[in-house]
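What follows are several structures.
In what comes next, chain A is part of two complexes: it sits with chain B in the first one and with chain C in the second one.
Right after this comes the complex of A and B.
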């Protein structure tokens, strides 16, 4: 019974991780950069949800779209004002793409953490729950209404994202840009818009993850660091740029941490992901779902 | 007189310089967490207590006719930053003493610096016994200590007649130290109780895997030895899994978090029926000075004070008294004065113990209470007192949820 409990808990945690990691891997897939401010997209979502609901008295279910909008706006602004130099040919900047992205996104991360710290305050602030049910039994499992809702919404969001990328015109354009930016551009696809869409989608996913978890993790300005670090590990394990890879790796990590914490040691819980990461890098450097790439 | 104006200007300048010298403030360093990952709630409370009493002292003419001035440093609850903060305060700001410490790992780093420069260090709220065991003559402890909490909790737990106890402790000097001590005291006072502790990451967000094994066979009592925000998350997850507080299992806080201003906002149902170890309760006997500080705090903040307000106030009062009795701001003389004095503060009168070990430079008989929260959003003054200083435990007053 404990094993089943741990498995279900691991899957739920894995779904939270997946929401975060998928946004990160999408950005890597299309721009080939790592967004170091991704955890702060999550933090902004958590705060928007909490503040809109608590300070303005908006019902939590309506505060959720507000969090999504904040994530979309942050994603759009980041792409429009900070990322465009990467692919709009600002002279030698293009040659230093990785360094530029690291510095800019890392700076953005620090800026957002400190802005929230100074404006809202450094205290943890529990977001309102989407469900009044603080605990419920589903068969042998015990879960809070909030966690159950979060898990369901996470699944819906991930399915919606998959459908958007596979079926919609914009989704197919995004895929084309991810495969070959120059080729997509020659074929008439607006690559800048595709990048913008990816950043906005990534912002929405991270912000919603933050909002959904706000009643569980009591957000404080540095709340994004923890999921961001997990996301980086997941993205590499799953294969950089691979969305299915990230989802599978996130679920795998959630379950592994859950079991490892009980059967090995809780003290080393955060190291299990890193051990898995090392094993993947040794045995399958491209990640579980990544493709081997040769560059000339 | 040939140059009357020049003479007058020189005289005025001299008078101004002299008056400036006379009014030169006595500078005290305060190192607290003002941003995460440290406990900012604690840091803010410490600052509030310090500000209240500093104003009170300065309104009465300061110390030795000089104003008392505080210089604050943000140590973020990180030991390296605490060490750097102490170094900066002592060497650059030339403070006469350092105080404010409220997280043991930080205190343990900062007292090394104070010891090196022979600067008095008044520990406001670092509970780890190791701070005392170092035996540094510069360090004085008017606040609480782990042995005191653990022995008090062991006494309560024994009186509850429980059979199995599990403690969740944060992986810090304070957390692990207190959890181990509780085990030692339980062995002495109630050897029949089975006890174990689990160390958790204080930066953690999901403690469910640590809680799940308890669902099948819940212990009779769960102890919290974690500080917020992790403590709040842990409490919610223990409650969510139906482990505690429940009809079978008590939840007992040993970290003194029940009187934090953000406690109820963060825990709600999980806090109802919680037993708490406390160092302050409005129904506790308190000196006039303490009541005065409590009134000022309540007027300024529109909420009840907690223990940290008084501990911080006493830290500053102690430094001020040491300067007065030494008639100097010299570190060695202040240390000598503190060792000899009987200090009367906001929480009572005491003399520092000279016994080596965990009682070194410690207020040994620091008063404490045990109480229970019986309603959500309950103010401290309305909680049920289970034990007051000098009186036996009233376990018959403890309530449990129906399921």
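Right after this comes the complex of A and C.
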């Protein structure tokens, strides 16, 4: 039974990784840049959830939408004020695009960490949990209430995102811009709005991931660094810009870590992702689901 | 119409920057004559450690357009190379310190060889993951590294003044290495790769090899800086490799001026000294620097150095225009 328990736990961790990684890979898909402040979206979500439910005394369930709104606002503001220069004047920024994106998003990450550190304080907070049930059995395996809720919300969010991208007009516009920004804008698609949508969706997913995990992680200003590192590993493994790829890679990494922590080494469980990353870069650099990347 | 081409333009620009960099370094060499407070000497020593990391990172980011997010992690690896060699095997610093150049350099070589085949954001992503996980491994390998207790390292020289000149000498050496690379053909290859990677490859430049060499040199400089810092602090700990430390390095280079020889030097000293002063105001230094990074990256790509140069050039142009106007009248 241990193996089944490990597998299910790994999948749940994988679903949480997927929430983080999907937003990151969508941003890469549409702007061809990596958002190095992604972990801070997660951190802000965790803090908003915790502070809203503790300060206002509302039930934690009502704090979840607040976290989602904070993520959406942060995503919108990042896109509006920091990412616009990447594509306003299309083409003229081509040369220094990578430099600008890395430096600015990394600067934003530092800024948010230190602002929260200054305003809220450096000490970890205790996040309220959504469910007091610590162990319940579903069929053959045991699971905590909080984990079950996390898994269900994560699945609902991922399915909703897939439906949004495949079926809605805005979602299809986002896909078009990811395929060819210039072509999409010639066809009359508002590319700026598509980028905004992607950043807001990415912010919502990361903030909700933080909120759902707040009772487990106990938010502190630098809590976002590690989940972000994991999602960077995942988007490369899955193939940069590929949403199905990042979901598969996230689940794979979750299960791998869950088994590895028990059968290989608990202390070094976080290194498995890096090993997998190096193997993928050596053997299949375009990632599991990616299109062939340009090799020079 | 044939445009007049100044074939030595890059070299002239570089020589001018080297002269200014040497002036800055000479000013640093004179500082201990006026400063006797051990506290401020310590601050300056640490700022020179950061200046070395900045010089190493700038070679990669400013001149090659490749973004490593692990300069602090490679400094940590260098510090631990020296520290572990002395702790476990009593290897003297005369061998331990060169090892701090070789070992991080080789790790960088292997990592770079794997990642730099790809263009795009792969280096930044992989080095960030590598940095966090390397720190975690050192933190968790308590039997070998003593975890977060850190390792005691024997000092190379005792007094603050001696340490000051030791780090200054290393900083001068690092600056000269970068200058020599930029003057050699490889320096032009690197800048060509930064400006247009595909174009550079199409002109027959072995892009992967050039990028890997730059990454190797950058990691070696960072490793050596870490090794020296360890002998000054007489303690190495996993804290050296924190992402926030990399953030400080990036802030220094971006504020000082990316892709210039002088920028990282003035950026490192100004940022670190300013951060010591802001600490007293209420620990707002990182907020200020993060904001400055965003503003400089957005509006002033060449940092303070670029602003200063443009101001001088602007004044010269204005005097020239005034002179011309007078002549015309």
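Rule of thumb we're sticking to: the second predicted complex is superposed on the first by the 285 of 296 C-alpha atoms of A that agree within 3 Å, B and C clash if a C-alpha of one lies under 4 Å from a C-alpha of the other, contacts with A are read in each partner's own complex, and residues count from 1 in each chain.
Criterion: a residue touches a chain if its C-beta (ideal position, glycine included) is under 8 Å from a C-beta of that chain, and two chains touch if they have at least 3 such contacts.
Since we're looking at a predicted model, the values are computed, not measured.
Legend: residue contacts after superposition of the two complexes on their common chain; A:173 is shown touching neither chain B nor chain C.
In the overlay built on the shared chain, the residue A:125 is in contact with chain B alone; chain C does not reach it.
Of the two partner chains placed by superposition, only chain C is touched by A:282; chain B is not.
Judged by the touch definition given at the top, the superposed model places A:106 against chain C, while chain B stays out of reach. In the superposition on chain A, A:6 makes contact with chain B only, not with chain C. In the superposition on chain A, contact of A:135 is made with chain B only, not with chain C.
Judged by the touch definition given at the top, the superposed model places A:50 against neither chain B nor chain C. By the document's definition of touching, of the two partners only chain B reaches A:143; chain C does not. Counting residues of chain A touched by each partner, chain B versus chain C, the larger count belongs to C. When the two complexes are overlaid on their common chain A, residue A:221 makes contact with chain B while staying clear of chain C. In the superposition on chain A, the residues of chain A contacting both chain B and chain C are 222, 226, 267, 270.
Residues 61, 65, 67, 69, 114-115, 117-122, 124-126, 128-130, 132-133, 136-137, 140-141, 195-198, 201, 207-208, 243-244, 247, 250-251, 254, 258, 283-284, 286-287, 289-291, 293-294, 297-298, 301 of chain C are the ones touching chain A in the complex.
Interface residues of chain A, counted against chain B in their complex, comprise 1-2, 5-6, 9-10, 13, 117, 122-126, 134-135, 142-144, 147, 216-218, 220-223, 226, 257-259, 261-262, 266-267, 269-270.
Of all the residues in chain A, the ones that touch chain C in their complex are 28, 32-34, 36, 82, 85, 95-96, 98-104, 106-111, 113-115, 118, 222, 225-226, 229, 232-233, 235-236, 240, 267-268, 270-271, 273-274, 277-278, 281-282, 285, 293-296. The touching residues of chain B, when paired with chain A in their complex, are 34-37, 40-41, 171, 198-201, 203-206, 208-210, 212-213, 215-216, 228-229, 232-233, 236, 239-242, 262, 265-266, 268-269.
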